[in-house]
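Next, two complexes with chain A in common: one pairs it with chain B, the other with chain C.
For the complex of A and B:
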């Protein structure tokens, strides 16, 4: 595989929600480690509350980490400040979830895109800045004349394109897409996903693509990381995760993908209940309370993340190299 | 979210706001063109306590001065006082509200605590004491009023800022390396402009009430005509209880104070209604 651009080591985030001396923490992200290779797309899936967005914000340095480290091109970037921080900030950018909330309603969209260029002093001359913004608008499939319009004049898909253009304004190398298409109509989702794929080739970008819809994430990703309650459950190449599924949770997510078939509708795995509270996570396996293959052991001992095949890591007591028959229902 | 055009369009369709706007406009024009409308009232006139009508629009006072001229010049100083008071309140209140709303944690709590303390202070007695200490020039009075008007502005700004700073576009701005001062004084300020504007018009109105109150108590500037000062002179000459009563002397300044306060309140309510889609029918 190609060189490592981001190396995440034991990243942990607890949110303190205790008051008046009581100690209570939300275990949002717990001991997450993975490597991001240059020019790949890593998909992160998991349901609401699994810590995906928190993970993205930790990598970007938008919120301080509790423990763990993030290395960018070999250098540690957790908690750095000053000049180097702004360089790293420019190199790792984010596309936000809600296109209706991620653009300032009172600032012209051209100015929204131009501002980071001016503030970070990438281009000094005002005319050149405008040219650059128009070029970016073109790149994401919008007309340069739209520079002077306000966000409310655009549709959701167009706004998301503006958000992408703004993220690209600083010439990033890594783009983190936090549920970047979840708020869009299905037809528009496809267009924006294709735009992501095209930009990746043209600009040689590396993506972390966060989503809750496995079919969407599958479409863009080379590798997929499955999160549950702040922990990595399974991480593997996209084909591997679908063909050689090892974790019951991944299995359940895959079975939830709707299929276009008239006959032989497959058995769906319906998970009971809700995701447990992250304030006091279960002692044993975090998925124990909802797992359809749960055994006594799972409630007592916490499984470690094991490499059961090349580049295929699973956090389950029962997964083995090669065989995933035991997951059949 | 509307752009400027729809703001003005809906403003024109809002009758209360328009009434307030024209009322404010009238006072502003009176204030600006006071020297051309009426000569500055000074010295003594020949005819004292003349009833309105015969040549004198609003009548004359016990020194024979034209009450109309006094009221017009009073509008000028009222505007002056409210403008300075609003400026002082904005210079303190806006940054206090914006910063305490954006920077949560210690800085925010400290500023918020200060705002709350100032909100609970008994304003009028303190104003009287301070105005008495610093002396009664019109600018002193204006600054003192401003110093006691900022907490409400700061509170309104803080509450709006708390809401806006949670928006995704603020997080996006941070992510794009835009410095905090720029996020606070550009990205947030333009989004809290609505409630802030409404509060500023209310401060304009209450500033005139405070100024009139201080002048009436003899703590205003004795060399400047203001509505409160006219009332004080009328009161001192016991014009309010005299028979036959020179009602024109105390009525007109009172009417103008009311008119001014109501106009600014209507303007504020109008702006608020337009900016808040929920209250629009």
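For the complex of A and C:
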């Protein structure tokens, strides 16, 4: 595989929610490690509250880490400040979730896209900045004349294109897309996903693509990482995840993808209840309370992330190489 | 835009008409007779009747109302019962004093309230924010006359630093000494009104700033590498200013009607004091005139506030 561009090591984030002296922590992200290879797309899936967005923000340094390290092209970037930090900031960019809320309603979209260029002093000349922004608008499939319009004049899909143009304004190498299409209609989702794929080839980008909809993530990703309650449950190549599913949670997520088929409709695994509170995560396997294959052992011992096949890691006591028959119901 | 303004003005006119009608009748239903206050009861009923006739109080309320409207259309606010001067002249003498006070208070409240409100929002939940919150709560809930008397006692009686009342020491001095003298007299009433108003400006700024700072586009701004001070100045402040502008507009509108209690306590010769005196003297025309000024200023300030808000928020379109 190609060289490693981002190396995440044992990243952990606890949020302190204790008040008046009591100690309470939300275990948002716990001991997450993975590598991101150049020009791949890594999908991260998991339901709401599994810590995907927190993970993205930790990587970007938007919030401080509790422990763990992030290496970018071999150099540690956790907690760095100053000049190098702004270089890293421009190399790793993020496309945010809600295209309606993430644009300042009071600022023209052209100026919004231009701001990172000006703040990071990429281009000094005002005229050149405008030209660059117009070029970016073109790149994401918008008209350069839209520079002087305000966000409320755009549709959801157009706004997300603006968000992408903004992220691209600093010539990033890594783009983290946090639920970048979740707020859009299905037809618009497809257009934006195609845009992501096109940009990846044109600009030689590396993506971390966060989503809760496995079918969307599958469409763009080379590898998929499944998260649950702040922990990695399974990580493997996209193909392996679907053919050689190892974790019951992954299985449940896959079964939730709607399919267009008349015969042999597969049985859906409906998980009971909600994701448990991350304040005091359960002892043993974090998925224990909702797992349809749970055994006594799962409630007591916390499973480790094991490599059960080449580049296929699973956090489950019962997964083994080759066989995923035990997951059938 | 033109259509919006026409519509807005028509609405304003209607509100104005309704409010002056209501005040006209409320004043006239006061259970007392202004003539009784002006003349000695020992004087014969003929004198009383003559006076009633002079003031136009012998006619029915409906007739009085028609006459009042007719005069108003001609720009005539009537004649004061007490001083026998035209009401417009009386009000014009008092209005500048109220405006001076208003100007000082609004400028000070904004200059102090907005920065502290922003600071408080930035340090939300910290000790400094909690302290500011307590002060704000005290400022909002304090009874203004109580505050006025407290200041009066402290600064004028106990420390003897500032004058007890009025707007200048008679006879008025000349030139710069007059200005200083007036400002000295204005300190206590301004301070009283400032305390009451800065609290609400601070609170609105803080709360709306807190909301805005949690918006997604603020996070986006940080991710662009924009520094905190600039994020607050460029991205947050403009969005957070709307509630503050609205409160300021309302505050200014109602303050033109004078801070009745504050002006009375400090004998500040403004509209508020005029209203107080006119109520005591049952001076209907002056009272009526003051309320017209008050209604007008509230309505005008509302329109101006809306225009300012539409100007800073591109999402608001001024269409009928």
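Assume the second predicted complex is superposed on the first by the 329 of 329 C-alpha atoms of A that agree within 3 Å, B and C clash if a C-alpha of one lies under 4 Å from a C-alpha of the other, contacts with A are read in each partner's own complex, and residues count from 1 in each chain.
Just so it is clear, a residue touches a chain if its C-beta (ideal position, glycine included) is under 8 Å from a C-beta of that chain, and two chains touch if they have at least 3 such contacts.
These numbers were taken from a predicted model, which means no experiment stands behind them.
Overlaying the two complexes via chain A brings chain B and chain C into a clash. In the superposition on chain A, A:221 makes contact with neither chain B nor chain C.
When the shared chain is aligned, no partner comes close enough to touch A:238: not chain B, not chain C.
In the superposition on chain A, A:120 makes contact with both chain B and chain C. Applying the stated contact rule after C-alpha superposition, one finds that A:206 touches neither chain B nor chain C.
By the touch criterion defined above, A:54 reaches neither chain B nor chain C.
In the superposition on chain A, contact of A:86 is made with both chain B and chain C. In the superposition on chain A, A:150 makes contact with both chain B and chain C. Within the superposed three-chain model, A:250 lies out of touch with both chain B and chain C [touch as defined at top]. Chain B is struck by only one stretch of chain C after the chain A overlay, and of the options 21-29, 39-47, 57-65 or 183-191 that stretch is 183-191.
Of the residues of chain A, those at positions 60, 62, 86, 89-90, 93-94, 96-98, 101-107, 115-116, 119-120, 150, 152, 163, 166 touch chain B in one of the two structures and chain C in the other. On chain A, the positions that touch chain B within their shared complex are 60, 62, 86, 89-90, 93-94, 96-98, 101-107, 115-116, 119-120, 150-152, 163, 166-167, 169-170. Touching chain A in their complex are the following residues of chain B: 1-3, 167-169, 171-179, 182, 187, 190-191.
On the chain C side of its complex with chain A, the touching residues are 215-217, 219-227, 230, 234-235, 238-239, 312-315. Listed in rising order, the residues of chain A touching chain C in the complex are 60, 62, 86, 89-90, 93-94, 96-98, 101-107, 115-116, 119-120, 150, 152, 163, 166.
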